[in-house]
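Chain lettering (A, B, C, D, E, F, G, H, I and J) follows the sequence in which the chains are written, and residue indices restart at 1 in each chain.
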Amino acid sequence: MSLINTQIKPFKATAYHNGKFVDVSDESVAGKWSVFVFYPADFTFVCPTELEDLADQYAEFQKLGVEIYSVSTDTHFSHKAWHDTSAAIGKVQYPMIADPTQVLSRNFEVLIEEEGMALRGTFVVNPEGEIKVMEVHDNGIGRVASELLRKVKAAQYIAAHPGEVCPAKWEEGAATLTPSLDLVGKI
Amino acid sequence: MSLINTQIKPFKATAYHNGKFVDVSDESVAGKWSVFVFYPADFTFVCPTELEDLADQYAEFQKLGVEIYSVSTDTHFSHKAWHDTSAAIGKVQYPMIADPTQVLSRNFEVLIEEEGMALRGTFVVNPEGEIKVMEVHDNGIGRVASELLRKVKAAQYIAAHPGEVCPAKWEEGAATLTPSLDLVGKI
Amino acid sequence: MSLINTQIKPFKATAYHNGKFVDVSDESVAGKWSVFVFYPADFTFVCPTELEDLADQYAEFQKLGVEIYSVSTDTHFSHKAWHDTSAAIGKVQYPMIADPTQVLSRNFEVLIEEEGMALRGTFVVNPEGEIKVMEVHDNGIGRVASELLRKVKAAQYIAAHPGEVCPAKWEEGAATLTPSLDLVGKI
Amino acid sequence: MSLINTQIKPFKATAYHNGKFVDVSDESVAGKWSVFVFYPADFTFVCPTELEDLADQYAEFQKLGVEIYSVSTDTHFSHKAWHDTSAAIGKVQYPMIADPTQVLSRNFEVLIEEEGMALRGTFVVNPEGEIKVMEVHDNGIGRVASELLRKVKAAQYIAAHPGEVCPAKWEEGAATLTPSLDLVGKI
Amino acid sequence: MSLINTQIKPFKATAYHNGKFVDVSDESVAGKWSVFVFYPADFTFVCPTELEDLADQYAEFQKLGVEIYSVSTDTHFSHKAWHDTSAAIGKVQYPMIADPTQVLSRNFEVLIEEEGMALRGTFVVNPEGEIKVMEVHDNGIGRVASELLRKVKAAQYIAAHPGEVCPAKWEEGAATLTPSLDLVGKI
Amino acid sequence: MSLINTQIKPFKATAYHNGKFVDVSDESVAGKWSVFVFYPADFTFVCPTELEDLADQYAEFQKLGVEIYSVSTDTHFSHKAWHDTSAAIGKVQYPMIADPTQVLSRNFEVLIEEEGMALRGTFVVNPEGEIKVMEVHDNGIGRVASELLRKVKAAQYIAAHPGEVCPAKWEEGAATLTPSLDLVGKI
Amino acid sequence: MSLINTQIKPFKATAYHNGKFVDVSDESVAGKWSVFVFYPADFTFVCPTELEDLADQYAEFQKLGVEIYSVSTDTHFSHKAWHDTSAAIGKVQYPMIADPTQVLSRNFEVLIEEEGMALRGTFVVNPEGEIKVMEVHDNGIGRVASELLRKVKAAQYIAAHPGEVCPAKWEEGAATLTPSLDLVGKI
Amino acid sequence: MSLINTQIKPFKATAYHNGKFVDVSDESVAGKWSVFVFYPADFTFVCPTELEDLADQYAEFQKLGVEIYSVSTDTHFSHKAWHDTSAAIGKVQYPMIADPTQVLSRNFEVLIEEEGMALRGTFVVNPEGEIKVMEVHDNGIGRVASELLRKVKAAQYIAAHPGEVCPAKWEEGAATLTPSLDLVGKI
Amino acid sequence: MSLINTQIKPFKATAYHNGKFVDVSDESVAGKWSVFVFYPADFTFVCPTELEDLADQYAEFQKLGVEIYSVSTDTHFSHKAWHDTSAAIGKVQYPMIADPTQVLSRNFEVLIEEEGMALRGTFVVNPEGEIKVMEVHDNGIGRVASELLRKVKAAQYIAAHPGEVCPAKWEEGAATLTPSLDLVGKI
Amino acid sequence: MSLINTQIKPFKATAYHNGKFVDVSDESVAGKWSVFVFYPADFTFVCPTELEDLADQYAEFQKLGVEIYSVSTDTHFSHKAWHDTSAAIGKVQYPMIADPTQVLSRNFEVLIEEEGMALRGTFVVNPEGEIKVMEVHDNGIGRVASELLRKVKAAQYIAAHPGEVCPAKWEEGAATLTPSLDLVGKI
């Protein structure tokens, strides 16, 4: 069964966030839009470029009321050390969740059991805790923050406008469709 | 467990393809790159815009040696009738798979059991039959063919260049990374 | 065990009916006689001739207080498109039930699992929701609406006249039999 | 699951046939078309009228190479006694199968468990032993031998003409349909 | 375990009795002595001679306050027809129970499963519903009504005279034994 | 299920027979007709009268080639002591089987579990080891040896004359019936 | 697990006692010391010498307030007959329990299942129903009543003198030991 | 089930024997008579008096070819230390088995689970490894070596003289009984 | 799972302590620090040197409010005898627990099942009954009491100073560390 | 059951070792003595002091032919980054095993499931792969490398000198004990 439109499962984790260790849980993310960005491991290759790309666009997400959570199976100690020593990661201002118990990676079905690390999975979660968009890549293939931004906007738009849907290639401001019996078989 | 890097499961289906009914199976898709594009139902709203978008870029995919398969739980009779009567769908030249037994939709975990229809799921499959990229949207949110094209190119590039990985925002022709111990903790 | 004299099982479905999408359920059919007519798929061959035959006799059924429901595993979108584009189906004024979840086809034991389509099954259901007559054909063999009408009349007659039964070849207005001990071994 | 297109299950029974007790089994009915006509009990009401109606048309069935088997849960002793004493049943020249073990009535799913008697079920079986047509009535509603004859002819016609199907209301000699892709969505 | 001294199990059946169809059940036989006489089938050979023998002695049983119930797996329709057409059976004035559901034959463990008919079993049941005497023969061996009468009398005598027992060859009016410690080892 | 026409189960036992302790088993009784006569206990009341009655008719049984076996759950020591001290039992010349393991009493389903003693059960077994007649009484009701003799003769007669059956009240030398189709419904 | 210090299990039995049949149960033996003496069978060899030996010392046991119960799987009828006819057994004044249901022999784990008889087992039971001494012999080896008497006395002595124990070879009146920490390692 | 006449179960243990640690097992005790004497614990009260009593009579047992094995759940280290420091135990010349794994105490069903110590159990085992006599006491009651000697002699006598049995109170040299049918009911 | 930080399981045992037998249980050890020192057996080799080493340092442990419990599967009788006869063990003033039921050895997972003896295991338990330190050796390797003392002090220090931890080689009085986010990645 | 004397379970892991990533497995550690040192997480507090202490004594271990493996659930990327950035860890020359799959931490039963990190556990493994010494601390209590060195020496000494054991407080060069029966109860 797909994770789309299911409720995120309960979790409790520690994150490194702007120089502090903070608690994050399914309850604390409720009530606003959030994006969970899984990656394999701290101190590796594609990962910092992806996290830096998100850091660069973080202000845009903030404006939309969206929080970003990066997640790996490393500890919060490791996240802090990485943040201290990497120029790219040093830019990150969103919470970096530590998942050494691998509960979160299993919940989102991205854990590679034989490696103990996560796949590159991205999940857009609405304020009700329902997953609306998911995207998972083989670990060699990087993601693009701007495309993620487009999807978040589309998800927010249709949430705000019941009865409308976003057609292919929809960009913010473009026309949407309003399904009705008359349209059936006419597009 | 994630579908990423798993083998696609066996299936047999009938497709409408350029005026003919043809057989498609896990065996017939083996040996080349393929993209499976699930959508909810013929004669509906977002679907034709997505299928048209793909039809418009079909030549690009063909150049990369990639076949596109659209899939819904409608019958091949319905696909043929839709192709005959819709201007948008009339442009489609790739195979339109009929999945009334819902086997394929269950295999790719996109079936909405209580509706008997599929979610908007896209899957990039390599010639060995392994799923390398997956993307699933709530049905109100449309997809973008050009972004799919980028991912296919990245997947093909790393398959062709063992030892390299594509960083975030990678576009065809851009530099890739070659993981090595020296890079650990240095990006 | 036979379905005859069992209660129809719960279902919820959407139908296309005279230009509208309407809800149909086991509860909405209760309280009057109904006929469920299953067929394999929209846009096929025998099916429109059967549905047209029923459309032609619909007024007769209406006079008897009987509602007709045609059912296939296609969606209501497909039903609407077929109704719009086929002269034969365009005549249909009874509700065309969409069964993409295949619940109804399984309830009436007419689903061909390996095809995802229904057999040609006809079921007469009384106002109490009990199946009184059933008839199922291999898909190559068409049905006759007038014979169905005769059976409906016989079923209604014996429901209205407890203690009487309809002999072979009974037609409306003909004599019936009243079973009694004296008749035993005497016919 | 429907009995249509399933193989009849093994059985062994004794029948009364033209003044003799004979063995009948799934093996002895193989190789020619047959019709199984179940009814509740010897010495009852609707039953003799139905069996007589069939007896009257028996020559027609014989011409088509079809054998008729009537079946009830009575013993062969009872069948013989009924044949001896009833004018209507005295006309019967086809085998009257005794099913006191109720194996055959269970095989064809027409046994009313709480009565130990069968429903009025009719089954057309092809020479390969597959059920092609079935019809079951509540016990108060009689059957019509001529309609059965029409169905047998349609079943034989499509068996003899692969690729053709019989539309609604088809009678012997009328045109049939040959399904092809061009017809899809055109009737 | 033996059926002797067990309670008869619940049953509901229809019997042919003196020109009427009547209901018989475990409840309706309670409160008086009864004899259940099973036989294989109506219209057969040994059976009518046994039932006639019982019919001839029925007055004797009646005097003792004992009801006789004959039982076969035939229907009540068949019993009536047999009674109408057989001189021997025409004499029967006790209820002829129909057991087409085979519940009663299974309760008394006399059903021959592979034939759907009962063995020649006789059971004497006291007013409390307990089986006191049982006798079962292979179907080729007939029973004797006068011996049954002797057993019924012995059963009634010891029921009426607690503390006495009937020795071998006891006939009505003969001396009985009163067990006591003094008799132990003295006979 | 009835014991009639089943094979007797394996057993091994010790019997007291004409001043000796002998072994008896299912194998040693095979090949000739035998009668097993169960009774509750040595040194009791009805039992010696029954065993004496059989002793008096033993010569008749011997002439028919029939062996009698009396059986109780007492030991062979007890049988010997009873034979030594009781005038009635002193006459017994047939084997008295000891069944302290209660295997035989359970095999023939006559053990009263809560007393550890057998019911008064009589079983006629043919040379093939099949039970042809059974009779079980509540312990207060004695049996009659002459009636047993009649049944043994009937069982032997139909075994010797395949195709004939013994009607009710049949005595040695009387006419038997030969079942045939012509007789059906004619007696 | 050993039976020593376990509670005797519930039982109900009939015994022959001084010319009467009496009921004995776990409840009726409670409240005083008792000895259960199992033996294989009435009318055998070692058994009467053992029971006679106990009969000779019965007065001694009575003085100690101890009841003796002999037990075999024979019936109470057999016990009575044995008592009547054997000089040795005629001396017995204690209850002779009949155990044809073999419940008691199983409770005390002395039943030889393949013979239906008990081993030579002796059990001393205190007023609380707990087994304090047990002794079981292969059936060829007889027991000695005087040794049993010594054990009963020792059991009663330590029951009456908490804190003392009887050393090896202890006889009535001899010194006992009072365990204390000072004695540890000093004897 | 009783342990009498069962085979002793496999075991391996270490014993202290005349100044050495030796291995003892089911295999090493086979081929001669042996006696297993269980007691609760080294350094306790009744135990040394019992072991000393046996030590005093050890020459008698040796003459009969019988080995004695004392057993407790203490270790062989403890046995050695006890032997070194106790005058009574210092006399012991037979093997003292250590059973800290409690396997042997469980095999002979004398382990008190809630104390981890054995009951006072004595077992006579024949050269075939079968237990012929068992005796178990509550721990406060001591045993008598001379009575054990008598039982061993009786067990050996009947083993050497098949067909004879030892009556009650039998002492070496006394007459035995030879069971025969003539003796039944005569003692 | 590790025993560290689990609650000790319930137990009840007898110990030899300063010339007395005393009860020890999970409840009696609660409320103060304790050390459980398992060893294989009384009267052996390494064991007395270890117990003596602890006896020599017992005053130090007492000062820290720590009780020492030595444990083996020997009985308390054996402990007392050992204490009486060994110069080394004679020094012991702490309780010597007897564990013949092996419950405690199983609770702490140090029982060698095939020997019935414990490994050399040491466990430091805090006043809440939680195991804070464990150490288990193959039986040939002795332990050092002074190292145990160091660990107890460290465990007590961190219990008394929440938020501090003892670094490697910490000795009483040395500096400890106070974990804080600033220290992460800085040591 | 204790891990002592069990075989280490199979594992495969990546370690950071002197500037390289190397494979380590149960097979690669076989054939020489090894020490596994588990700790909670890279970049934390007690851990670097312990690892530094071991690094300082590494030459001593090397001389004894012993390899040290530190293990945490961090990745090898994290180990490398820590080694690069910490002065204390920079000294480490032994392999640092990465255990993100937590297989090794579970094998040695030190995983804290609810934290995804290991306890401070130390295990000495002999060349045959058997665990000879284990020590586990609550995470606040540091370990001492010199004490570990003493235990390794004792383990090696007794492995090299079968028949000797190391008493308490044994240091390299000190006398050992040779267990013999004469010593039992004498120390």
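Basically, a contact is a pair of C-beta atoms (placed from the backbone, for glycine too) under 8 Å apart; a residue touches a chain by one contact, two chains touch by 3 or more.
Just so we're on the same page, UniProt names per chain: A, B, C, D, E, F, G, H, I, J = Alkyl hydroperoxide reductase C.
Everything numeric here is computed off the predicted structure, so don't read it as measured data.
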item: Common touching chains of chain J and chain B; value: A
item: Graph separation of chain A and chain E (steps between touching chains); value: 2
item: Farthest chain (mean CA position) relative to chain H; value: C
item: Size of the rotation, in steps of 5 degrees, that lays the CA trace of chain C over chain H; value: 180
item: Chain pair among A-J, H-J or H-I whose interface repeats that of B-J, sharing over half of the contact pairs by residue number; value: H-J
item: Inter-centroid spacing, chain I versus chain C (mean Cα positions, whole Å); value: 82
item: Rounded Å distance, chain E centre to chain J centre (Cα mean); value: 87
item: Approximate Å spacing (C-alpha centroids) for the pair chain C, chain D; value: 22
item: Chain C residues counted as touching two or more neighbouring chains; value: 43-44, 77, 80-82, 85, 113, 184-185
item: Chain pairs that touch, as defined at the top of this document; value: A-B, A-C, A-I, A-J, B-C, B-D, B-J, C-D, C-E, D-E, D-F, E-F, E-G, F-G, F-H, G-H, G-I, H-I, H-J, I-J
item: Touching residues on chain D, where the partner in the complex is chain F; value: 19-21, 77, 80-81, 84-85
item: Chain C contact footprint on chain D (complex, rising order); value: 1-5, 43-46, 48-50, 52-53, 82, 85-86, 88, 109-113, 119, 121, 132-147, 150-151, 154-155, 158, 164-170, 177, 179, 183-187
item: For the chain A and chain J complex, residues of the former touching the latter; value: 41-44, 73-75, 77-78, 80-82, 85, 99-102, 113-117
item: Chain F-touching residues of chain H, taken from the complex the two chains share; value: 181, 184-185
